[in-house]
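Pasting the structures in now, so scroll down.
Here come two complexes built around chain A, the first alongside chain B, the second alongside chain C.
Presenting the complex of A and B:
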């Protein structure tokens, strides 16, 4: 029988070569090791992170001697005592946490309709437009986007220029908490949409059609069918946006005008401004603890969503 | 004839030998001298502040140095605070530091000196021609060489002060300046005038700074903007602020870019401080030699004149001519009486307490 090129494409031949090479490298029966070998990069990555955390943990237990600017050679809990006794620490933790929760809620609220339209639209042009609009911000760094808002929202920015046309005096739109949250929502929206879109794609359109044909209007179908089925995606997107917002540095630094620091900004100050890496390390571990506990709480109340990787479906 | 010829030949040979020896000596002497200089590195990396700061250094010191030695100068614009832990880590791990010379605030540099990461610069030949300002206080020898002084002035937009320049920091408490004033985000430059403005004395620093913090609380109610050097220029340019406590160079930079801006030393006084140059330990002998030469060249009158004309700051070499418009300016103190309204607190007190002041300032402003 004649074999056509298309019946055995070149990509398959390439895979054959790879498989043969793999069989040469691995001993007989090595196939059982393949999954573990595939895990190696991830283990190395997590291992590096764990070693880094150990170093940070060690630093957090050493205090700075300001006569030599060297760290103590003994361990002490002084940095943690200081962190928990200063009201400033509570202020920035509360500000970061509250900001992360607000940003997550608003981002999900905006990301859901965006993702829904992108997934469900029958217009290829609209889908492409939404996809381009979604990915474009990824090519522009966070700092550049923040500076863009400085230009748009500044006293002599586009918004104030527009307001001036209708006789409104320039408004201070920047360097406050809402400005930081606004910048964060704009930054997080693509992440939210990207996490939600697969979950919405997995909801068969037929089910929505069935709900409608059984008499549900679109609001009831949304609340009783789509949203419950999109829950794993909402949780996954929520956790990603929450943790990224909680640990953000650039938006509070640039749009906050120096008065709306998050924990990451305080850590930066300790590491780089006051040379007190010990105290900075203690703040770092406190931030990790706050973030982990918050995510743990979300998982406990709502489940792990898409981050459970299908475990919930068993 | 033969004899004569012999003599002639001998004379000629002698003369040739003498000329040859002289020629050889004249060629080989500089070669010997050159041999005393270690090999030149292809480049030296100098950490610097950006904007008008690095331009001034390039024009005043780096370009003349390259012209003279052929060594290329690379300006690393990493923030001084960010380079510090990298340098400290490199020295601690016996690695080559990422920069050859750090252009640093004297307070920051003193921390590095106390940590023992700075090379000693005491035997730089041009130090003999400098004023007392070049000598760092509170450390042995010259681990840092101060290169100029600067004043944290009260910069303002004259348009916002139609009755004349602000006389005191209390003037900024006027409700019309709410959200229209700016300070450094750690309060640097403002702590000491605030101590006076709050009714305290400079002698109470660092033991009792309650007056300072009370006044900072009042300023906080004015919702000030808090930033870094480049922010002040930007904010003035964009009309975001009417007044700021900032280094005079930033105000001068804004003025040179066309912003209508002036500055003053208020009745509470203004902080006077210095910046300097230092070399981290861990470089090869040859790199160290040429890095020291670079700092030495920064102390010549010609180079100081160009460098500090760009910054609008008073140097550490006598006989410099103030830049146009800055003679007698409060931001350009040269005579003892010019320093009467300026506040100088010992470097040691600043190094030991600065982080506490920064934290307290942030605590109030962020609260």
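Presenting the complex of A and C:
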């Protein structure tokens, strides 16, 4: 006979406390309002961001008077005119956007096999190893990791020391575009894998066996069956990596060394170096617009429905 | 060898080991072309492993599997001419019913011009014409089964494998699909291997049944023979409702055997082909429906064994009654009895005094251990 636990689990006591607290606040219960009440904290949080955005919008319409260092008390589109007329803006937007696209493509390419092996391996040991290897960088943080790459890739870094041993002249591995992209891919890989893994788990194992028994070799099974079925995960991972890369600050700042600024770095400079809050705010809104349009484009091409949201999907 | 036609499938001493666990032990059998074989066994008996070895998803640790007389050891799963229906169907959800059925034709590079006709022909065979453009999740469970069957058969494989595809269905649909499998198999004449733990299904659909337990083949026979002449107590118990009696063998002849159960000596037939010796412990097996039962006042003619007993439990199952009867003469054993009552009279109530009996030929005597 199976023995049942007679003690009252701690998690149940916790729920009792929650219930009592809820009853104290709303003695007659929330009724039909309960779900909306529970939604309130999240709505407030997002709402604060929206209010912040309004302030940014306001700032972006006020131009800095360089003689008095005061902002105009009238609204003008001058900041936007400046942003669209200077080639500098186009350069950083193009650099950010192209970088984000390349980083997304490379990250998905690397994350897919990683996630696939992690999900499908029959070895529990290998799965644990892959998971730990994935999470370790999270504990380190982006900035520290970027400094780590400085040590490894610097002129007197480990790589160049090793190259010197075989007689190769020191290479300039840092402060260029590839270095920034390399750092970003390395930073984004865990996000990609973690977004892909549930989508791959949702594909039954027999699917590949079925494709094989129907005559498909592994390449065809991958392209005709596994990849199409993993589409929601690929799009989800892609959108996350794309937006995070597009708006990244630390990697271009540290591994680009000032020569490879992304939009976020330019915004930082405007806010904290030149103190031109108005121009910074207009750049911010342009970045938000570019990001939103890119994500909108992804959804328009692939369909937001593929994100596996919604109830009628099976 | 002077064989006229090689068996469609033969397994020769096939063994499969995972680490230290032997999933399949020394399995040998043959299946003739066009026949329907069911591998029957409880979960963990190795039946699915055996099926996956034939499909090519696994390679035997030792032994050979021949398909049409040729070893398939070096043939990859996607190069074998085998259609398989999976337990969870494994249909492709991003394709329509027709695209699912067309998939193997595209993968096997059939002439593109013939594909639509062929897909239509097989959807018709499984009675799904008109459902071509439905997505998989827009189909009912039974319709999904039919798509899976059409997909497995459309490229005219030499062999069809069924990995318990009916296990998840409710009973009515399952029985309907069993007959559907049988009809399609007969119509196309495709050699089929079905894996199941449902003994009824095995008896209904098969030409040949293999019972497996603990990785070993227990018996390989036609369904009627499997039912009437189980080769050991495991098979006797796994197929049908069987009463086990423990006893000691007292006399054995070439034709029959006598054993002592409780206070009485009973005669029965040898179960299986194993030699028996006097004085060894044996198991007697008698099927629940082969025991006759009547109230104490009624008489039963033509029986070899006849005992008094008390009804402990009576269950009404519609077309039959199931009784549990305690029999003091057999050392207080409780026997399960299935009684089909055609022109009934009232059912027996718990507590009723009854007499029960059977014919000697219905009692099978097996060695207690093999």
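Rule of thumb we're sticking to: the second predicted complex is superposed on the first by the 277 of 314 C-alpha atoms of A that agree within 3 Å, B and C clash if a C-alpha of one lies under 4 Å from a C-alpha of the other, contacts with A are read in each partner's own complex, and residues count from 1 in each chain.
Keep this in mind: contacts are C-beta pairs under 8 Å (C-beta built on N, C-alpha and C of every residue); 3 or more make two chains touch, one makes a residue touch a chain.
Here the structure is a predicted model, which is why all the values come from computation and not from measurement.
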Clash or fit (per the criteria above) of chain B with chain C on chain A: fit
First, second, both or neither for A:229, with chain B first and chain C second: second
Partner chain(s) touched by A:207 [first = chain B, second = chain C, both, neither]: second
Touching partner for A:92 - first (chain B), second (chain C), both, neither: first
Partner chain in contact with A:54 - chain B first, chain C second, else both or neither: neither
Partner chain(s) touched by A:220 [first = chain B, second = chain C, both, neither]: second
Chain B versus chain C as contact partner of A:259, first or second or both or neither: first
Residues of chain A touched, compared between chain B and chain C (which is higher): B
Minimum C-alpha separation between chain B and chain C after superposing on chain A, in Å: 46
Intersection of chain A interface sets (partners chain B, chain C): none
List of chain A residues in touch with chain C within their complex: 204, 206-207, 209-217, 220, 224-225, 228-229, 231, 314
In the complex, chain A residues that touch chain B: 66-70, 86-88, 91-92, 95, 154-156, 172, 175, 257-261, 266, 269, 271-277
Residues of chain C that touch chain A when the two form their complex: 55-57, 76-78, 80, 82-84, 86-88, 90-94, 103-104, 107-108, 137, 151-152, 155
Touch list for chain B against partner chain A, complex: 79, 81-82, 84-85, 111-112, 114-116, 179, 185-186, 223-227, 231, 238-240, 351-352, 354-355, 358-359, 362-363, 365-367
